Structures are given as structure tokens and as C-alpha cells.
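Each of the next two complexes has subunit A plus one more chain, namely subunit B in the first and subunit C in the second.
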Partner chain A sequence: MGSVTLRRLSKIFDGGIQALHDLDLDVRDGELLVLLGPSGSGKTTILRCIAGLEEPTGGDVLIGDRVVTRDPPRARDVAMVFQTPTLYPHLSVRENIAFPLEMRGTADAQVTRRVVEAATRLGIPSVLDRMPDTLSEGERQRAALARAIVRGPQAFLFDEPLSRLDAKLRIELRAELLALHRALGATMIYVTHDQTEAMTMGGGAGQRIAVLHEGRVRQVGTPEEIYQRPADVHVARFVGTPGMNVLQGRGRGTGEEGPVIEAGSLVIPVELSTYEGELQVGIRPEFVGLCAVDKGVGNVDVLVVEPLGSETLVHLNTGGQALVARLPGFADVRVGTRVGVKVDRRRLYLFDAAGVPLA
Partner chain B sequence: MRKVLLGVVAVGMVAPFLYMVSVSFMGEGELLRWPPPLLPHAPTTGNYSAMVEVLPYARVLLNTAILAGCVMVGQVLTSAAAGYAFARLRFPGRDGIIAASLAILTIPAILLLVPRYLMIESLGWADTYPGLISTELVSVWGIFLMRQAFLMLPREVEDAARMDGAGEWSLFWRVALPMVRPAVTALALLAFLDQWRSFLWPLVITRSPRMAVADVALAHVHTTYAGNLPYQMAAAVLLTVPLLLICLCAQRYMLSGVRVTGASVRL
Partner chain C sequence: MSSRGWAAAVTVAATIAATLALAVVFAAERHYERAFAFRIAGTTAAYVAAVTPPPQPPPPPPPAPRVVRGRRRPSIRPAPPPPPPQLAPLSPAARSYDLPSLLTQARALQTLPGWSSDVEVYFGTAPLVDATAPPLSPDDLSYLAAAGLWRAGRALVPLKDRDGQEVVGAVAVRPHPMPHGPLPGGIGFAFPAAILAIGAAAATAFRERSLRPGARGGYVGAALFLALATYLDVRAAARQSTDRWLVDTRRLLQEAATRLPPPRVRVAISDLAAIVRDGEVVAGEPADSPPRRVRVDGERRAVVAVLIGSGRWVELRSVPAELEAPRWLILLLPSALLGPLAILLLRWAERTPARLRRETAIAWGFLGPAGLHLTVFTIGPALYAIYLATAANLPALARDPVTWNALRNTALYALYVPVSVALALVAALAVFRYRQHWGGRLLSTAFVLPYVASAVVIALVWQAIYRWGSFGLGRTDWLSNTGSALPALMLISVWAHMGGQMVVFLAGLQAIPPAYLDAARVDGAGAWRGFWRVTLPLLRPVTWFVVLTGVLGALQMFTLVFVLTQGGPSPSHATGVMVHRIYQTAFGQQAFALASALAVVFAVMLLILRWPQLAILRRQVRNA
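== the complex of A and B ==
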């Protein structure tokens, strides 16, 4: 197994769209790193640059301690599993799994043995002689995974491999992937836009999450770190279901109530000493509460109520800005009414106008 | 209504074939009656035995099969390779070359007949198999058909194959080509059928009866026995039946191939 290192990696596509901006990333040997980011954040481009399917415009890709930036995919010894299970439709499952070994000239006896081993590990030995079009979606993705592990590459790249599966199967395969990571001790890079998945995949020992936004790595850390101490406003917004509320506001230090932040229709007392001027205030939905009008830090309009059973999400309008409150159980809130808002002042995140946290 | 219309068209297509078979069993004078009979009054196989004696039947069939078979294999190989290159490889002037190749299709084949003849003649290949076959081995239409088929392959399969260690050749031969099998089959069949019916070029480039192909042999029969339609029809049946059998067996593949590749035409 090997580490994967990206040094000042940049990628500009034809037409001038810059997908990656001087990106640095270290994936340690044997680590499972989850690349989390919204669509268009550059996750897949990073994977394709590591794989050799895309040539970076600048910077270097290292696998182990070897610079592979200009090497073709087959010289890199990494395996990739795609979003759509990409089996060769004219080959049986057995032939599909054997394909990478055959491409490397592995001896027949060894091919036979390793194909059965890989299929057994993924729980699909019974479908080895079937054709891909007769398999279920889950079996197809398992076969694609078996094809990836069969040759024991230095690193595995997963490009949202579970996003097309139904919820139950996704949870099942996620657990299997984690077990596979433990069993193989392999370096894995797992791309997803689903932060629940990121939290699950990046939550174990030796596992981290890298949050991407607009082609830049905003933060690398454990799920707890990126949730509790977001490196910037983009991470704060993106991580969490729903993400953090971020309101545009202004700090004012000389009011009658003492230092306050005015954001939308809210006036929130704060304890910071340096907060004058434009800033952004972040509040996780679970720390937003509702109360009677004029009893909280401001009044808001209820736009949408989403009762989810264990909790209710209430979408609010505070002076033209959106605010979401997560309330336990079924909350008695009516759309179109006006309510007061309470916030837990100890749980506020303050960012400057550019989105960098204020100390 | 649609079925009735299709039925009428089908009868219109099949009737001449059936009448050809019917006439081939008639006596020489039978067609002189008015109105001409639909079915033979006293069916005879005499026309066939006469034609088998007159025509070097086995030789004509062999020549036609060699021409059609070689051109089929040649066109499939050249079209697949060029189609793949145009669809999947990046090289300078690629799109210009495609456009120029397509422009060739607009030149009537008859205009190229004399230059082709002069070239083959100067090579000393007139009245030989290489002369008959060589100029037919590349088909612009075939290249375009295969290019479209390769363009329709999902990129991810190609990426997966590259990740699995496939080089450009393995990618073409082991992954892409098997995946466009319907288009390959369609191209092979259409090339074969087209060459089986080839007339003008074989007429120009071959001289001796031992090099005659089906349509040229049929033309000889037509001029030699101008007044004997049953003879002509018997010869036509003899040379058409193999083609008809191939068509009937392979029509499923032809349709699926054209359907697959015709679904999306991009340039």
C-alpha cells in the first residue's frame, strides 16, 4: 500500500474553467480519506488526476514516494470504482474480475484463485458465471469492487460508488467497505457529496474527512473537528443536516444592550470584544429555539415546517435571510405565523465578511 | 390500417421475387401468351439444368463469395480501426479529416471508375482478385457508422479499462470492439450484401469468364439469351438464392445494428 500526496495541484479545463486551485492534500498510507464537497467542488477531478484519467494543469501527484503526474493510469497501480458500476457488458463476472490481472499478464492459475478470493470477499461467488446484465444493481457494484481489489493496488479511489443504490443497500455496502478497509489496511480515497455518508465513512480510527469547496481543500479533520470547529463559512454551511445557518450581519459595540450582532431581524447580545463592522454569524439549527413574539432575540416568519418524526425542521425568514431551526419531536408551529427566536449564545460561530472564523 | 399498408408494401416487394421463381419453371414459349401466365402450365426444371451447364456456376459463386467475404472483412477492420480513432483518439486535424472523408461520399462513384481502373491496371492487377477487391476495402460510410457506435459507448467503461491496465490496443480490441458488436454485424452484412450485388466495378476490372462475379455473369446470360426469359430467370434464381438465405438468417442483426448506430448522429 502507499500514501497519496497532491502538491499544488491545479486543473483548468478547456474553456477556462478552473476546477482545482493549487491544492495540497496528504493521504497517509493505509488511511481512508473522505473527500466531501458539493457538486462542482472538484472532488471527482481530484480522483481523476490521481488515477491518471485527467492530466493536471499544474502541480504533482505522488503515489508512495513516486511522482506519477505524467504516467498513464496503468503505470500508477491504483484502482477506481465509479458511480455507475462499470462492468464490461460482454464479459461474465468472472472475466470482468479477471480483466485487470490479465492485463498485467498474471499466470492463469493465479488469476483463477484470486478471482474466487475477491468474489468471496465481496459475497458474490455464486454469480461469477453470470453476465452483468443479469445482476442486480448491488451485485454489479460488488463485482466492480471485486475487480478493484483483485490486483491489490497501492490505493483505491471511490467515486460516489453508493450514490445510485437504494438506502438499505447503501448502508449495507458502506459497512462492507469499512470492513474491507480494515481487512486490507489499504489507502482509500472516498468521494461523496453526502455528508452523512462522509461522517460514517470518515468516523473510524485512521479516517479523516477533507471538505472541498470550489476546487480548494477547506479543512481536513475528523468528523468532530469539521462539525465543531469548521475552518470557514463554507465548511460550516456544508457540514450538518441541515448545515449551519449563516446570517449576514453587523457587529455593534456601543448599544444600550451592550455589544450586539444585528443579523436580519435578530439582535444577538455577544461577549466578544472585537466584532465591529460586517461579519457573518453561524448558528447550528439545533441551537435555534422558538418562543413567543418579542421574548427572544428577534421575531421571524415561519415559512415551511418539516415534521420528520424524531425532530421537526422549521424554515424561518429573518429579515430576508433564511434560518432553520431543528426542534425535537413534532413541534406545534404553523406556517405563516410570526414567532420569536432564541439562540444559544455560547454556540455562535462568528466569521468575518470573507468567511474566516473570528477568534 | 398500418398493418394493411405494410402488407401491401410487403407484397409489392416480394411479388417480383415470386414471379421470378415462377417464370424460371416455365417453358420457353409460355410467356408469349397473353395475358402472361402467373404460374407455369407444365413446370420444368430444364431451365435450371441448362443454366448450370452454361454458367460456370460454382466458379461464379466462388468469385462472388471471395469478393464479398474479403471486402466484408476488410471493411470491418478498416472501419472499426478508423472509426475508433475518430471517435476516441485525439490528434491534430481529426475533425477536418472526418469532414473531408464525408465529403467524399458526395462524389458519384462513377466519376472514380476510370481513375481506379487506371491505377489497378498500372499495378498489373486487372482481371485478378487483388484488383477486384483492393479498392473496396475502405468504406467511408462504414467508418462513419463505426465512429457513431464508438461515440455512444459510455466513457466510464473506457476509464475503467484504462484503470484496469488496458493500453490503447487492448481497449480497442478487448473492450470497445466487442461492445459495438451490433454495429460490426450490421456493417459486415451490409458490406457483404453490397458486394454480392456489385456489378459496375467487376465489369470494368475483370475480363475473363473465370473471374466473373454474380451480376456480371447474369448480364452475360441476359445478352446471350435475350429472348429466353425463363433461362434468365433460372440464372437469376440460382445467383440470388444464396443472398436471400443470408438476408433471411441475418436480418435481425442488420436491423439492431442500424437501430443502435442510427439512434444518435453527431459530428
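== the complex of A and C ==
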């Protein structure tokens, strides 16, 4: 087992696309770190750099305190489960799981034993002699996981291993992966773009989530930290279902009604008068309320109503900016009407124009 | 369709089919009658040429033709003086015939007992037998120099001068109509069978609304019976045409035996044989008078025994025309089966909604041209080759060492395929590795160039290389050296085919998801083991495809041999591959039956070879 450290890692692809920007990340020995980020944020690229499949343009990769930046994949001793299915189609499940052992010259008797062990751990000992194309999607993914754990590597890299499964199977396998992590005590980096999954996987004791946006790590912390104290607007926007509303606005320190923030059609009174000029104001949908026209901090148009049963999402238009309200139960809101908005002032997040939180 | 209308349509279809079959029979019978007429006319012309003396400037003592008939022994006389040897080429006039003798001979033909045709001999354009008949036109004569002529029920063939050079007249034969049906009264089987088939169709169609499977089977049976009956008639007509010629020619030979000038005691068999150019005359045994079918050296022959003098028998042989009668089946079977086919079609049309009917018609409209092309240029020739092959002497083919040599050379030559496939794979890996780089693109262009070049151009370029370059290994031309000729061709083929195979491999490599190799690398495989354990197995279907098409192509190789070695170096046939052997047999030796047989046998071998490979290919494609 070993820690994984990325130091000022950057990657510029041939086409000139910069996927990673001077990225620092520290994964502690035995930790399960969840790498969360929207599509195209560079999650896969990070894993590929750690595995040695991609050579970074700058910076270093350390595995267990050893600089491995220029080492070939097989010298790095990591296991990876890929985003796309990669069971070798010409090999049976047994041969697939045995493949990494075989490549490292493990003795035959041991191979047999460990293949069965790994398969049993993932609940697929019965399909060992089948070909991959005869398996169900779930079995296939379990087999891929078994291939990863069959060897005791320094670290496991999971690139959205469950994204192709249906919801029920995903929940089931997630729990199994957590159990696996506890049992193996191994260093794992788990990539996902699904923040629910990130919250579940990264919610255990001593586990963290790293939020990635446009090739930069924006925040590393517990689920609560990244939800309650987002390090910037990107994290704020991305975390939560739906994410935080972030409106472009400006603060006016002095006025007849005291200090206010104007954002779209809203004029929100604030307590402190230190905000002057361009800023961004964030508010989670659950703290946006609706009321009669002119009774709140401003009036908005109702664009879309999404009743979800336990709650209703109401998409609003405030002076050209989008605002989402999350109301409990079924809300009596009509599309196309004009309503007033209430906000909980204590729940406002204020960021400067660049997206950095204002104290 | 109303049930009555339906039944009527069925009957009409059956009638048309039966009429068509009868028409084919009629055409075949006419064909064989004409064939007989032309043949006997040709024999008659040869007979006339043989028995008529040249014009004699000093009036000669008329050669008293002594008719020797029956078994009377010829009286023993001193041998007549031999004819004066001809020293100088004769003038055209001298090569012609003595008109009075010609007149006698021609008239004698008309009275030949037992002859089954009317005959007329023209000297120049003037008829000799029936002097009141209209003469030929000079145009006819010049036309006859090139080919026979069928006019007003008569076969006209040229009468050439004694040297066989110029057309001096013509012989016309009008065969007497002759019953040739095997049934009493000379009717054939075809007519009753046609009535039967129509009757079967009509009866079942009118009795029931539509044909039940059983009843339909009955009509199909009747149609097949019609096909068989018509074939039997055609065969009988073919057989009769040969028999008729044998019998009539026998009369001519007997006549010739007595008339051949100058009078001699024993007519030589070779003189008789000269009359029968499209048959054989050999010494024979006494036998019954009707023609028989026998085997001579394993070949079927029609023969009659001919008594040409007291106790002297010869045998007249001919290839029986019925041997090639089966080719009429190509017309007979489809016309007879047209009836059942039409009925099936009617039945389908009746049951199918109009929309589907229209769609089907349109589909066939699209398929038609391709189907026609396939039929005319592939299926047709293939069937014809199979038909031609039936006449070949297969045991002799199997005994021929040249055949086995060709087979061996073909197999040896095909061994270049593994080499070129391996090289193509290496090249594809290199090009794939450097596909972004200009070097990789240059490399791929270099490999693909020979693949798109004409095979003949490649052959000629390499011929030059082998002749003048010889790679500094001395100035021996590899292509004319028995030991090196085939390897030299294989080298060219490796070079020429590598590019195409590389392109296929390249496509295969591009189709492999890179994730597999990534996974293998993380799992600990280096480049080498990644290739052997992942890339190569994933390429297996592609490899099979390349090897399969390569081997099949190699086995059918022709161009290189044709352009470069002609199967040589000459005595050893060191590069005589199968297809070239077939070509040689057909167009070099003009032995089409043999060539067809070789082609058919070879095609069957390729097919057998192909079967397991196709099965493997199918399985591979499914697994990958």
C-alpha cells in the first residue's frame, strides 16, 4: 500500500488542450479519495497520469514516496478499472482475472487460488469459465473489479466503474466497494461525475472528496465541508442536487434601505456594507422561497415546474439569470406567472467576481 | 381471382409450358435433320470428288464402270498400269472434273437404292441431276466457299476441285422427312406427354379451387415427365441423324468401292477414308446391317459394318450425335418446369396483398440486372464448363503427371502467403505506431503503391529487375532457372500483395479499442506481451480474413505466370500453376473438355478448402 501524490501536475494534449493545470493532490496511504468533477474536467486524465498511460507535460507523480513520473505503467504497481469495458474479449473470465498475475510471473498454483478468491469476493465464482460477451453488465463490471483486486497493488484507480450500471445495481456495488476498501485497507482513487455517488463513497470516516473543475482541484474535504463551505463558485455550483444558484450582481454599500445586493431583478438587503461593486451571490435552492408579487426581495417569471413527489423544482427567470427554487411537496405554481421571491439572508454565499468566497 | 378464372390461368400456363417444350423438341429435330443433311452433303461432295476423273483432253476410253455387287469374286486380271505421276501443278481447268463423268456420277446418286435424301449436284451454277431445276447464282458459289448454305429445305455445300482448292460447284441434299419417334407410327413421347401435362394441370385446377399440395405434386410430376419425354425425343432425333448418315454413307462407300478410278482390284481403305472426313473407316468384321453403339478405346462410337467387296468388310465409325444431346436439357427443363413455376407464382399472387406484390416486383426489378449479369457471366459459364467437362477423360487426367505438377506448384506458390501476411502485419504495426508522423504516412504509401498498380506492370518491372539486376548475385535470370523461377514469382507476390494486406491489418488495428491495450499495460504487460496476448488475438478475425483471401487468391494466380514464364522454364513446368494449366489446355491445346474438367475439379477443391476456413471465420467474427 502506498500514498499517491501529485505535484504541480499539468498535461497539455497534442491538440493544445490543457487538461490539467499545475495540480496538487495528496492521497494518503489507505485512503479512499473520491475525485468529483463534471465531464471533461480531467478526472480520467489524472488517473491515466498516475497509471502511467499518459505522460504529464509538467510536474511529478509520486507513489509511496517514489517519483514514478517517467516509469512505464508496469513499474508503478497500480490497478485500474476503466470507464469503458475492458475485459479482454478473447479470454474467459478466469483468464481475464488471472492476466495481471500472469504478467507478473506469479506461480500457477497461486494464480488459481487468488483468482478464485477475488471472484468469490465479488460474488462471481460461478461465471469464471464464461466468455465476457456472455455476461450481464453487472457481472462484467464485477469481473473487471476482480481483475483489479486480484493483485495487491500500491493503489487502486477506479474511473467511474459503475456509471454504466442501472441505479439499483450501482447502489449495491457501491456498498460492496466500500466494504472492499475497508477489508483491503488499500489506497483508492475513485472517480465519478455523480455527486450523490461522491457523497456516499467519500462519506466514511477519514475519507475526502476532491472537487475538480477545468483541470484544477478546487477543494478537498469531507462531504459536509464541500457542501457547506464551497471553496469557490464552481464547487458551489457543482455540489448539490441541483447545485447552488449563483447570480451575477453588484453590492451597494449605501442606500435608503441600507446595504443591498442587486442581482437580476432581486434587491437583497444584507447586514454588512463592505460589499461594493461586482460580485456573485450564491444561494442553495432549498433556501429560495416563493411568495406573492412584491412581497419578497423581487419578482420573477416561472419558466418550468418539475414536481418530483417529495419536492418540486421551480425554474425561475430573474432579469435574464436562472434561479431554481426547491419547494417541499407539490407546490401550486403555474408556468408563465409572475411571483415574488424570498431568500434566507443568513444562507447567502458571497463570492467576488473571480469566484473566491468573500469572508 | 374467381375459381374458374384461376383454373383457366393454370391451364393456360401449363399449355404455354408444354408448347414451349414441344417447340424446343421441334427445333432440336430440325437441328439434327439439318446437321445430317449438311454432313451427308459434305460426304457426297467428297465422294463425287473422289470418283470423278479430271477432264481429259484426248478423249479417253470411257471408264466402263463395272458394278461389282454381292459376293461375287472379282475375276483375276493383270494389274492396270499406275496412273502417270503428276509432276507440275495443274491448271485450274485440269484440277476440275470431267463433265460427262460428273454427269454420270451425279445421276447415279439419284438412283442409289436405300438413300434417304434427294440429291443434286451443280457444276458451276448448273444443276446436273435435274437439268430443269433453277441454277444457282454466282453469289451463292462465292458464299459457299466460306460456309454451307441452307436453302429451301436443302443443305448446300461446296464441291471443290480435285485439289480441294476452288469451288467448282455444289452439292445439295434434301433429306426425306423421316419418322423418328420411338412410338408406333413414328410419334415421339413428347406430344402425348405434353397432352398429359396440360391435362393434369387442367383436371386438378378445375376440380378444386386451388391445387392442394398433393395435386400440385401430381402436376410437377407430369411436368418432369414432359421434360424427360421431350429429352428422349431429342435424343432419338440426334441418334437418328447419326444412324442415317452411317447408313447413307455406307451406300456411298460401297458405290465408291466400285467406281474409284482407275479400276483396280482392291480398293484401298485409305481411299475410302478420304471420302469420310468426319468419321473413320477401318478394317472390320462382318456384322448386322443396323448401326450399333460400341466403345473404342474408352470412347463411345456409332458404327456400321460395310461390305465393300466380296468378303471384304470395313467398319464406318462416327462420334454419336446423342452424346451431346444433354445440352438440350438446358432449354427443355426450364420450359417444362415453367408450368409449375407459373402456377406457384399465380398462387403466390393470389394470396399476397397487392402492396407486397408490388414491392416484390420492384425488388426483383432491382435484383434483375445483377441476377442477369450473374447468370450470364458466372452461373451460365460455370454450368457450361460442367457440361463440357462431362466429355473429358477423367482417369487420363488423373494419370497425367503434368496435372499433379501443376497442383504441387500451386500449393508451393501459395506458401508465399504466410510470409506476406507476417510482413504485412509488421508493416501495419509500424505504420500504425507512427500514423501521426510523416514517416508513417510515407511508409504506408510505399507499401500500398504496388497494391494499386497493375499486375502486368509489376510483372514487367520485376522481369527487368531479375534480368538486369539479379541483386548482384551474378547475371543469371532467376525466372529462366528451374530452381529459382517459382521462388522468384513468390517474391514478386510478397511484394505486390503486402500492401493490400497491410491496409486490412491497419483497419483492424484501428478498430481495436485502445482501452484493451491500456488495460494490459496497467496489468503489467510490456509492448511485446501486450502484442502477443492482446493485439494479436483481437486481430485474429482480420488475420484469418487476410490469410484466407490471400491463399484463395494465390491458388488462382495466373497473371504473373502468363506474363513472365508461361509455366516454364519450359521442359520442367517449374511454374506451371493450376489456372495457367487450365488456360493452356483450353487455348493452347484447344482441349476444352479437358480444361473444363480441370477447372471444375479445381473449383471443387477450392470450395472444399474454403469451407472450414469460412466456418472458422464466421466463429471468429462472432467471438470478437
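Just so we're on the same page, the second predicted complex is superposed on the first by the 358 of 359 C-alpha atoms of A that agree within 3 Å, B and C clash if a C-alpha of one lies under 4 Å from a C-alpha of the other, contacts with A are read in each partner's own complex, and residues count from 1 in each chain.
Just so we're on the same page, a residue touches a chain if its C-beta (ideal position, glycine included) is under 8 Å from a C-beta of that chain, and two chains touch if they have at least 3 such contacts.
Keep in mind that this is a model prediction, so the values were computed, not measured.
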Overlay on subunit A: subunit C relative to subunit B, clash or fit: clash
Contacts of A:Leu53 with subunit B and subunit C, given as first, second, both or neither: both
First (subunit B), second (subunit C), both or neither touched by A:Phe330: neither
Subunit B versus subunit C as contact partner of A:Phe13, first or second or both or neither: neither
Contacts of A:Met131 with subunit B and subunit C, given as first, second, both or neither: second
Common ground on subunit A, meaning residues reached by subunit C in one complex and by subunit B in the other: 48, 51-53, 72-74, 78-80, 82, 84, 86, 88-91, 99-100, 103-104, 147
Subunit A partner contacts - residues on subunit B that touch it in the complex: 154, 156-157, 159-167, 170, 174-175, 178-179, 181
Subunit A residues touching subunit B - in the complex, by the definition given at the top: 48, 51-53, 72-74, 78-80, 82-84, 86, 88-91, 99-100, 103-104, 144, 147
Partner subunit C, residues of subunit A touching it in the complex: 14, 48, 51-53, 72-74, 78-80, 82, 84-86, 88-91, 99-100, 103-104, 131, 133, 147
For the subunit C and subunit A complex, residues of the former touching the latter: 436, 513, 515-516, 518-526, 529, 533-534, 537-538, 540, 623-624
